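Same chain, two partners: subunit A is paired with subunit B first, then with subunit C.
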Partner chain A sequence: MNRWRFKRLSTRGLLYGAAILLALQAAFPFFWMVSTSLKPPVEVFAQPPSFIPHHPTWENFWRLFTSTGFLTYFRNSVIVSGLAVLLTMIVSAAGAYSLTRYEYMGREKIAGLILCTYMFAPIMVVIPFFILVKKIGIENTHFALVLAFTSFCLPFTLWLMRAFFKTIPVQLEEAALVDGADRVRAVIYVVLPLALPGIIATSIFTFILAWNDYIFTRILITSDELKTLPVGVQDLFHSALIDWGLIMAAGMMITIPALLFFVTVQRYLIRGWGAGAVKG
Partner chain B sequence: MSIVHRYKTGFPTLPLRVYHEHMNMNRPYHSIPKSLAKPLVSSEVQHQISKSKLKRRQQLAGYLTIAPALVLILGLTLYPVAYSIWLSLLEKHSFFPQERFIGLENYFYLWKDPEFWSSLWLGVVYSVWTIFFQVILGVAAALILNETFVGRGLVRGIVLFPYMIPTIVAVILWKWLLNDTYGVVNYWLFALGIVREPICWLGADHIMLSLIVTSIWQFFPFVLLSILARLQTIPPELYEAAKVDGASAFHRFIHVTLPQIRGILFVVILLRSIWMFTKFDTVWLMGEGAGAGRFIRTLPVYAYMRTLTYYQAGLGAALAVIMFAILVVCTVIYFGLFREEADIG
Partner chain C sequence: MARVILENISKNFGTVQAVRDFNLTVEDKEFAILVGPSGCGKSTALRMIAGLEEPSTGTIYIGDRAVNDLPPKDRDIAMVFQEYALYPHMSVYKNMAFGLKLRKFPKDEIDRRVREASEILGIQGLLDRKPKQLSGGQRQRVAVGRAIVRKPAVFLFDEPLSNLDAKLRVQMRAELSKLHDRLQTTIIYVTHDQVEAMTMGTKIVVMKDGWIQQIGSPLEVYNYPVNQFVAGFIGSPVMNFIPCRVISKDGRLFIDAEAFQLPIPEKKAPHYQSLVGSEAIFGIRPNDIYDRLYAPEHLKGNSVRAVVDVIEPLGSEIHLNVTAGRHNLVAVVDVQTQVRVHQEIELTFNLDKMHLFEKDPPNLRIKTEA
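Right, the complex of A and B next:
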């Protein structure tokens, strides 16, 4: 009996140990980022390192806002991500509606084709994309960037939205139609409200993808005042002495919006995950 | 379909084909003048006519609503990828419009280019190690988080953080942790007496290891969550039965869990392989400014550099095409090897 209890206790102990380890490996780097960003420059480079800042200060954030282009990058990121979400949502909602509500030749082929492009990695698309964009003459514009994000997100947003639309019974729409609503009103008042969790989930995934993107922005945007956050922050490294306090403050400021969105979407996450909504 | 259906269920109806022959017309139904159609057909058939008209209209609406998505995907993803095949046959400067057709010259050049072979090798090393550990850690962590314990929800949330943050943040976090003079990792190793002098984590000898660790940290939550989602759907009775039969935890994993997660594991390994082999941002950002960047110059990074450091768009495109070809071949082989799993997944 005692041996059995001992064995049980040690299994529980191992389980909790492993769980704590899992949480720590994910959380510690963030904790360290927060801690560094709140330290004055002298303390950043102190040996031994202090885990809780002895003299916490907002100095790094202040410098970030006043002496770098951070606010411009932030604004650009918000604009580009916002527009990408808007365009992606409209196009993929229409597409998903088409794939689930209308019958026409080649419908399944189109769906399959779209899923295939899900396999294309950014690096394979972005080089020819860059050359083509130069040919049309829209290089170095937010417009090109929004188009790139939208076409890149579309395969999975469309696929996810299709999965959501499939779960909404057609009979509900038909009832609305019988009651005298036209197609557009039936969609706006019946289908979209029911698909709301899917719409929220896909829009947040698109936002995170656009917000986090590095490669498209690096290649398509050349002028400093059009850069988004990841590229702008990367360029903070191009000084002789790396100002780690400043960089960690910048890291904090990019991470917070992404994490906020993540926490909001968590409820929908598992459902979306099943449909393959996260890429990277 | 509805016609046949109605016919079978005994509705008094005339198959459209019969009606069609009777009218001796090959024109579409909706073009039949109403005055002509009216006296000849029953109201039921007329219902069918308006239905077919409706069907055409439906088709049109279907095409119209999918069109924007299709145009964007065709124009901005498929066309560029096809164009890169053409581009790979050209000698072209990345910024100037001049271009010259040179056939397979770019491919011949790469065949003799030692940097290409080394980038291919580094890419394979990077992918194999990161995928291997992501899968092992992901499955192990999923098994742990599938057990019941206090604070499980919190831990489940926290472990996903690294996957959700921008790559640039993941990279600067790890560059700071691994900093040779001020980094915490070296400080701990030193404090614990494991090393006597600081290790240069971003130097030539260790940069690949640092990159692999960073990538595993950043991407294994994807495996974790995919597997966890599947684990939650396994009926607990299976485990009960195995327990009654006296199976140990290890045997339960091999004989109950593994067969259940095989399908999703197949998909996850496929996706992760594609994404790791073509991973650009983590690798590029890790190597940037580190001085030892060329020791982690994988195929995607090399393609980028050919295009935007040496301005040889043709060579860059050729590299992208080779990458794509390797992926296609590997995917086909993978599907062939694991045909059974592919069916489940």
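Right, the complex of A and C next:
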């Protein structure tokens, strides 16, 4: 009896120990970022390094907001990510609805092909995309960025939404039609509310991808006032002396909104990931 | 209040003909039941009335309007689905109010109607619950409630009881009959269960392979089935069918089933005259076969010896599976019948209730009624 108990407790202890170790390993860079962003410039390069700032200061943040284009970049990021989420949602919901509710030739093939396009890495797509955008004459605009993010996210979001729509019985829509709805209202009142976890999951996915994107913005955007955060912050490195305090403060300011967004909606994301696997 | 007419309706799915040459008139306030084995096209017919499928040919009228080109919402119908199809994200109240809300009814009118319907169905206490918190029977009631709040001209039911357990099904059957009585609305009801058809319907439409086999009142269909399929489908236990030959002996007609011969009643004989010398199918319902000991005196001449294979005592009656010659028969006999498996028993046939069917498809019944 006692031996069993000991064994169980020690196994549990080891598991928790390993989990804590992993968590620390993942959290340490964040901790370092927070710590550095609060240090005055002299302390950043101090040897030995201080984990907790001796003289914590908001100076880095103040400089970030006043002497760099950070606020512009931030606004650009919010606009571009928001629009990308919106456009992706509309297109993938419509596409997924069509793929699950209408019968037409090659429906499954189309779905398969769409997924194939997801296998191209962004770096492969970005140059052809740039040429395309230039030909249309929308290079160096937010619109081009939104289009790029949307087309890059679409294969995945379409499949995720398709999995969600498949779990919603057609009978519910038929019931709504008989109850007095037309197709659009049946979708709005019945299908979309039931697909909400999927919609949220896909929007998180799109938002994070758009928020963090570097490659597309680097190539498609040239004007400083149109840059988004990742590219804008990267450009802070250009000065001769790298201002780590400033960059870490920027890092904080980029991470916090994404983190907040993620934390508030993460339970939907987990449901979203499970949706394709287990039919509800 | 409305009459529903289906005129020359057919429906093809690719090369499959689900419904063929369908002509039916359901009068106002009638409780019509489409019944048949699965895949006979009954649900497709119902869905065409609802507007969820488009007929390949023909015209559907609800009231005085041809509704072929109207979407479901404009047909003034309500439908109850087999899987209930309650909106899982809405409370019972909202489920029932949904149709009225879409039609922009004033709030107090919606409230009045939802409460009235929930009272009729005994679900007043469930209005705040979500569908997943309800039992099967309760869900069924909510689905019916969602239909009746709208006060439509026609109710459509698509196998609404098939997901309920046997006891609840019997109870809901009675409740739906009562509801029909109370609402006085046209109902078209689809089921594969002939008991539901017999007990609830005022008009039964028996279907097979997309064709209507027979339309009639429950008793018409039971007593005067148009062919062997209808005879076998309606009634439980199923009618016995025995291949036989009609023969004439000393001026009387007999059924010759090799193992036994039975005299055809004088009343029926003239109708069967044309079959003399040819093969036919003899049909008799299990309820028209008696243990000779308990048979009415005047029938005792028509008896046949058989060996008992299976005994199913149901309490109020006993079902016997027996073998007579090489024919298997089912008989519903008196509870007092004393018999054991493998024992011989003498069975008496009430031949006034017998039928003869043509040997070849579509196995039409030879009419003996006026």
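Throughout what follows, the second predicted complex is superposed on the first by the 255 of 280 C-alpha atoms of A that agree within 3 Å, B and C clash if a C-alpha of one lies under 4 Å from a C-alpha of the other, contacts with A are read in each partner's own complex, and residues count from 1 in each chain.
What we mean here is this: a contact is a pair of C-beta atoms (placed from the backbone, for glycine too) under 8 Å apart; a residue touches a chain by one contact, two chains touch by 3 or more.
These figures come from a predicted structure and were not determined experimentally.
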item	value
Which of subunit B and subunit C A:260 touches, first, second, both or neither	neither
First, second, both or neither for A:169, with subunit B first and subunit C second	second
Partner chain in contact with A:193 - subunit B first, subunit C second, else both or neither	second
In the superposition, subunit B vs subunit C on subunit A residues touched	B
First, second, both or neither for A:9, with subunit B first and subunit C second	neither
Partner chain in contact with A:177 - subunit B first, subunit C second, else both or neither	second
Which of subunit B and subunit C A:71 touches, first, second, both or neither	neither
Touching both subunit C and subunit B, counted on subunit A across the two superposed complexes	none
Complex contacts: residues of subunit A adjacent to subunit C	169, 171-172, 174-182, 185, 189-190, 193-194
Subunit C to subunit A touching residues, read off their complex	50-52, 71-73, 77-79, 81, 83, 85-89, 98-99, 102-103, 146, 150, 156
Touch list for subunit B against partner subunit A, complex	55, 58-59, 61-66, 68-70, 72-73, 75-81, 83-84, 87, 92, 94-95, 97, 141, 144-145, 147, 149, 151-152, 154-155, 157-169, 172-174, 176-177, 179, 181-182, 184, 187, 191, 217, 219, 221-222, 225-226, 229, 271, 274-275, 278-281, 284-285, 288-289, 300, 303-304, 307-308, 313, 316-317, 320, 323-324, 327, 331
Interface residues, subunit A side, partner subunit B - complex	12, 15-16, 18-19, 22-23, 25-27, 29-30, 32-33, 36, 44-45, 47-49, 90-92, 94-95, 97-99, 101-105, 107, 110, 113-114, 117, 119-125, 127-132, 134-135, 147-148, 150-152, 154-155, 158, 183, 208, 211-212, 214-215, 219, 229-230, 233-234, 237-238, 244, 247-248, 251, 254-255, 258-259, 262-263, 266, 269-270, 273-274, 276, 278-280
